[in-house]
């Protein structure tokens, strides 16, 4: 069964066409990369999927449910989580609290004025295992705003993961990272995909990361879909080479 | 000393100082009613700070709910039942209901726009009390009523005594602050921190942000109207100034002066501000200039507030 | 009856013109600098009192020309010394600062000019009714509305035709880009603040002739100006103008039957607008956040 289906999505800002009739199908367990030069409409496309903006035309289905006009928080409840190109975290809270908030939300404690001991322990255990998995356990009580860029990116991904999503949307997870950090994050994403069979859509600039991770790749250029296929097909596609790989090299 | 024992020690110190206030206040040139006023204003400012410091939403119109609490109490005691507790109940209900309605209108707004709309809405009830002479006493305020002793059956609490009323207020202050602290430490409280820290992240973690801001607004106004009730009872009087814009500004400056990011900050801010206001207004006609200057100086030189500065010092 | 309605509508128009003039100044400052200038009413009062003090020497007309300029100069100084320090910080701080200034201004006017209200002499040529049938059309009121109209047209000409105005408008949309293009943002915000305060000063002189002078003259006019901005829509000067006139006329009309609902009506309008169209009548999309 298809997890995400975007049908002919369009997004216009006045006369500017940011995304023009782009379709996408993501199957469960798939890792899909979206690439394209700057201004290709990748982030806008992500914003359409996650509900940050509503498409001008077209339809978005998640798990065979129409979510085209659904507000973001309800998409999250259906199992969709995302990260942002510019890290969005809670800078003046500790790493632990950054994790605890999505864990409590995922457990349905959103409006609870207090927790039973059992619930509290369950939350703590989940938070601890997330800390362990992210390698941030030793920094658990530090404020996230004080951590390195790489640790902040990792925090954001783990926060999205803490929601126990069925689909994870990652907007340039390695943006602004050094080689070692890029490698660490790539390995983390790979583990999530391979070990936990998590479905992931990611936007990425770093071609090494894309070709290393992706099952299939979609190429956007100037708001249109240029090509779609396996990494091999994409790297062999002359159109893509001209429009994208050529300029990137 | 671990952080936990340190916190417990501070908490114990706060409560000892507050409990003993009627005995030490005269020694430093104060009086019991001044202490009561500080508690009332601190409660109002802490309630505002629930929204301002812990949800990150700037309301500049909280005097409206403070005043509704005051008038609700005063009018109930004067016209309906001579009962202090019933008066307070009505006051709190009226204030909270108004907050529910107005909160629903403004929860979608943000930043300066939110602040501006709260300022404007804050004045609605001012004009109503001002204009509705026959019932509210208009500009002269509502007199001819007073706090009524509470009969518990086995004992009678004589609230007309200033010291007794101080402890009466302290009881409500304790209950209200405990409730707010509890909420802030709950999962719901953490969603509010999340909204303050990063609204976009909060939204994309699945928090219906508008609904939570509305809830936070209502909780905040509930406690502010409680403070309003207690304020009217302290004076056995209330007038439209209780819900005018300058009162809203006072709540905000008390929170900022003490430190918006700390739970007890507004208490310290209120203690300083109320004492200063009392001192200045009894000595000069031009107290407005001095209070205004205090606003300016705080903004320019102490934007983090007293506790904010202390915390930063200790962190370094 | 027709006459009564005409009278009320015209009355409302006069009041609305005041609100609009004051609200336009507030709006200018808010749009470019993100500052809610609570002291706007205080500037208005100072403008009025300066005109009052000058009128023995310069007469009404001289005061009308000079006082708003002097008020604007005071505005430039206040912006340069105090408000500039707060740009880029939480809007809470500029709001509190101007709040404190509002206190100080009101107290200073009381200290300098006294707490009692004083009359402000308007030339005889402006006080007589223009016709016996429409007795309410005193020259002064017509003059006021006309002058506000001139000021508004002037403001829009400045914003659309002069280099300063174009920069202000561009800065309102995207200050960073304007700054990157080499415009001195400090100077721009300073002059923009001065322009806003000039309008407050002008409103002050006009208000003095209509309402007489008292230290609280500004505070009583500032709330309707806030409402005018909210109703008209944040970020839109034409909206602010429309909002001001709308609530003024609404107040005028309501006064016929329910004089005690004069203030209430503008809040009713505001509530309805927020309910139906949260960004205000002419507000731009996306300004809400």
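In order of appearance the chains are A, B and C, and numbering begins at 1 in each one.
Keep this in mind: a contact is a pair of C-beta atoms (placed from the backbone, for glycine too) under 8 Å apart; a residue touches a chain by one contact, two chains touch by 3 or more.
Since we're looking at a predicted model, the values are computed, not measured.
K.L.:
Quick check for the class: compute each chain's Cα centroid; which one is farthest from the centroid of chain C?
P.N.:
Computed centres place A farthest from chain C.
K.L.:
Quick one: most central chain, C-alpha centroids?
P.N.:
B
K.L.:
In whole angstrom, what separates the CA-based centres of chain B and chain C?
P.N.:
32
K.L.:
So, what's the distance in Å between the C-alpha centres of chain B and chain A?
P.N.:
42
K.L.:
Distance-wise, how many Å sit between the C-alpha centres of chain A and chain C, to the nearest whole number?
P.N.:
The computed centroid separation for chain A versus chain C comes out at 48 Å.
K.L.:
Taking each residue of chain B in turn, which ones touch at least two of the other chains?
P.N.:
none
K.L.:
Considering only the defined contacts, which chain B positions touch chain C in the complex?
P.N.:
It comes out as residues 52, 58, 60, 105-106, 108-113, 115-117, 119-121, 123-124, 127-128, 131-132, 245-246, 249, 252-253, 256, 286, 288-289, 291-296, 298-300, 303.
K.L.:
Taking the touch rule as given, give the residues of chain B at its contact with chain A in the complex, in rising order.
P.N.:
Listed in rising order, the residues are 182-183, 186-188, 190-191, 193-194, 197-198, 200-201, 203-209, 215.
K.L.:
Could you pull out which chain A residues touch chain B in their complex?
P.N.:
Contact set of chain A toward chain B: 50, 52, 71-73, 76-77, 81-82, 84, 88-93, 97, 100-102, 104-106, 109-115, 159, 163.
K.L.:
Please output the residues of chain C touching chain B within their complex, sorted ascending.
P.N.:
30, 34, 36, 82, 85-86, 89-97, 99-104, 106-108, 111, 223, 226-227, 229-230, 234, 260, 263-264, 267, 270-271, 274-275, 278, 287-289
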